[in-house]
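Chain lettering (A, B, C and D) follows the sequence in which the chains are written, and residue indices restart at 1 in each chain.
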Amino acid sequence: MPANLAELRYEVALANRVLAHEGVLDAFGHVSARHPVDPDRYLLSRSRSPELIEPADVLEYTVDSQPVVPSRQQLYAERVIHGEIYRARPDVMAVCHHHAPSLMPFCVSGEPFTPVFHLGAACGATVPFWDQRDDFGDTNLLVVKAEEGASLARALGHHSMVLMRNHGATVVGEHLRQLVFRAIYTCHNADYQRAAKGLGTERPLTPGEIEKASALSSMPNVTSRTFEYWTMRLAKAGELPPSWQPAKKAASPKPASARAKAKKKTSSAALRRAGGGRKR
Amino acid sequence: MPANLAELRYEVALANRVLAHEGVLDAFGHVSARHPVDPDRYLLSRSRSPELIEPADVLEYTVDSQPVVPSRQQLYAERVIHGEIYRARPDVMAVCHHHAPSLMPFCVSGEPFTPVFHLGAACGATVPFWDQRDDFGDTNLLVVKAEEGASLARALGHHSMVLMRNHGATVVGEHLRQLVFRAIYTCHNADYQRAAKGLGTERPLTPGEIEKASALSSMPNVTSRTFEYWTMRLAKAGELPPSWQPAKKAASPKPASARAKAKKKTSSAALRRAGGGRKR
Amino acid sequence: MPANLAELRYEVALANRVLAHEGVLDAFGHVSARHPVDPDRYLLSRSRSPELIEPADVLEYTVDSQPVVPSRQQLYAERVIHGEIYRARPDVMAVCHHHAPSLMPFCVSGEPFTPVFHLGAACGATVPFWDQRDDFGDTNLLVVKAEEGASLARALGHHSMVLMRNHGATVVGEHLRQLVFRAIYTCHNADYQRAAKGLGTERPLTPGEIEKASALSSMPNVTSRTFEYWTMRLAKAGELPPSWQPAKKAASPKPASARAKAKKKTSSAALRRAGGGRKR
Amino acid sequence: MPANLAELRYEVALANRVLAHEGVLDAFGHVSARHPVDPDRYLLSRSRSPELIEPADVLEYTVDSQPVVPSRQQLYAERVIHGEIYRARPDVMAVCHHHAPSLMPFCVSGEPFTPVFHLGAACGATVPFWDQRDDFGDTNLLVVKAEEGASLARALGHHSMVLMRNHGATVVGEHLRQLVFRAIYTCHNADYQRAAKGLGTERPLTPGEIEKASALSSMPNVTSRTFEYWTMRLAKAGELPPSWQPAKKAASPKPASARAKAKKKTSSAALRRAGGGRKR
């Protein structure tokens, strides 16, 4: 992940938009990244639907989930999900909370999620199930208190995804691209598992296969190829976030042609970052 | 909701288009709003498919479902659904009748709709089921007589949605944005409930959870964030309704560039109304 | 339907494209109309995928399914479906043969299709099932011989749709708009019937309801409103057929602006024909 | 298939993009063609998501799956699938490996794939099932060693498609268009088979029908009509590959209008190759 804060803001906006464009996020859900320098901080947008997020929306929070710079903007009610996981899991650099249609049938029915194809093993063999009632009784199901976030983080344990009863899921990663890969391919896996069960029976991977296949989500060429693909799809739809470059030159307004050129440059920069075309 | 009649007409057109764009409405179905000043009137389009409605299509009706200004245009046959609910429910400010694919399996099978995730609790614990045959025997299933509308309003009672056997559903709200939120998330809920049942079993929210979670649909920041999202999606698809501004300046035709600017202004106005970016 | 042959050619191309755009037709399937003057002829495209058909592709055939003007173009192998139905059913003015994904599960499983909502009653209470093996044994399932077409027409009888085992469906109408309405809403009905069965049980309309509701597909305001909707969707996607106007002025090439204007005129003409905005 | 190497490169890129656009391929999967002159070579892209592939990405490999010209680019890990099948099956001129969502439920459940409609018979009566564990025990399921590819080729035998347990499928063809046709219509077949089973029961074609119907995928007018359709859909989405013409004239840069014209010419060339409009 970029060490430059402005670039990381752009990447957080980009990851939100990619996951919205691929059907993981809708009006709700959010993606964050740990601060590149200060491990006790994280970057998360103000309250806004993921596919609309711009780098300027991405704020800094402490692990107590308080904004570093006090803000009058509406903030996500559920940001403690991110703060408490960053506190409990030093290895985690990116978090996504979502309610993807593919996973909701598992959250509602309680049927266990299990890897049924190689890419679906991206979160490993075990995906725990968290029931908010166990610790907190009847709630509106939102995770808004620090202790609720901490309870969820405990349920996640050392795993990569946790299902939340009648609510959704939370996924983590060592970097944003691995997180995006895991969020998308666990959805595919859920679809195939459910369809296979409807057709006859679900036959999962063996434990040995899961162990070997789960390593695919950590291979740079796998996450680069997929991230290039999802970013290009976003670009073709005209949905890339606006540039994260500091607006220094805003003082002297550019003519239209210069602005168009700048926009194009941003796009190719985004694609270069997405790993297009060159061996790594 | 806007107190200005012209703005409300725009909002009615917008709500129709949003629900068409999100898959709740197709060639049929309609959204209305109670008149901002006269509670014995409501605003509803002439007979037209929802995604095509323009502010100029939106007419005023009395609660007897007669147009205030006699019209030679084709009117919706089922407008009594709106009139009779506005008559029976003074708290209701917006009504939507639809045949969303997500809800039809429940209308056909008679299986009870039940909240299975927090956002799906937007219409509360109970969604009654209305069978037109009970009062009227065999019909073509359209609700066209005042007494048919009144029977449906009685079945709705104090609830927020009613399913109609082998026909569709009718949803109500305290304002247009809550209505849109309820119409969309009850569809998501129906999809998840059906998929969960196919996968294993549907485990609904507890009564206490439903009570707490149903309040989410009344929180302004929730309905603003979602409405910004759905409006932006409509805008990106180029599907926003034409401006509601009175066409005073039509006398002196503008050059193309002025028209383009006007169009852009309308769009940003629409987005501003949709709650984008500012804490409320 | 237009009495003018050129306009009818345009309408045949338009109906093909609407049904492709709405998911009834894909690379295969075709829509025809009876000749407006000579009842022993019909209009059908040369062999081409429906969403690509232009008015110039639409040829005249005799009811023997021979082209009136000998052609070196590839012709649909299954055109006898159209010819034999026009021969057997003087009331039929339009025919569509398709393999819509919504209906295929019924063609494969043999489960009876039954109306489960008011618009799904557009083809009446009974949809017969034709098994080509009964008369012809093992074939490649295409309907290419006159006697195969005649056998299918007999199975259709006086009904409005016939399912074809492991193959697809054929629908008829009194005019193109009714045909399009029937083709689309029988697909919706099939989806709801199948989903309702998966959810619990399918509870069909009563015979009395079917009789009353099936009349909706013959009401001009219903078929006009839906045709306006589907045509607008096609127009927004940039998929309207090119103009059917005779290309007389092609001799003196127009400048770009004139061509653009001409194109626009065609579109509004198409929409006017589609019944937009005016009471009929 | 074109005998000209540059044109074949373009066709390989085009086939990849068509299959991505029609939902067979996503970030993964690949299409290759045998070399037009040297049967011991084949053409396959460098490692890249199919919908992004350009003719310049398409490299030459020996049947040992080594690049003919050493490359520093990332190569597909699973290219032995192609090499070993070209080695074992002299009649095969094109290969596609994919993980289409339509087929995954069969790969996971082990339910046998069987033709249930005429176009679904494109791969014949028997689609074998390969379990990588039988020969190799626990792996990450990727087919990366020559012996793994050879084992898969043996399982394929003289058939046209093989399912791979918990992984995906591999399809072959006598030319690229037949391959594309088979890949797409076996997906449709899988959808209908699964839906029919959910609705009641799947009733397959008879052996005699399969034999006759499978010949459809070898008829030039069938593969031309479908390829025109899929190529037009790709063209409308603006997704055709860039021209394969040698970039000789790159020395003297063209003005914008010339470039636009060139681009247009490429598109119509693509469509002409796709078989549009003329009897063959």
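Worth pointing out:
The working rule: a residue touches a chain if its C-beta (ideal position, glycine included) is under 8 Å from a C-beta of that chain, and two chains touch if they have at least 3 such contacts.
These figures come from a predicted structure and were not determined experimentally.
Each step here moves to a touching chain, and the least such steps from chain B to chain C number 1.
At the chain C-chain D interface, residue numbers used by both copies make up under half of all numbers present, so the two copies contact each other through mostly different positions.
With centres set at the average Cα position, the gap from chain A to chain C is 45 Å. Between chain A and chain D, the centres computed from C-alpha atoms are 32 Å apart.
The multi-chain contact residues of chain D, meaning those touching 2 or more other chains, are 197-198.
Judged by the touch criterion defined above, the protein chains form a single closed ring in which each chain touches exactly two others. Pairwise, the chains that touch each other are A-B, A-D, B-C, C-D.
Every residue of chain D that touches chain C in the complex is listed here, in rising order: 116-119, 188, 191-193, 195-206, 208-209, 211-213, 215-216, 221, 225-226, 228-230, 232-233, 236, 276-280.
Residues 26-28, 47-49, 51-52, 72-74, 99, 101, 104-111, 133, 137-142, 165-168, 194, 197-198, 238-239 of chain D are the ones that touch chain A when the two sit in their complex.
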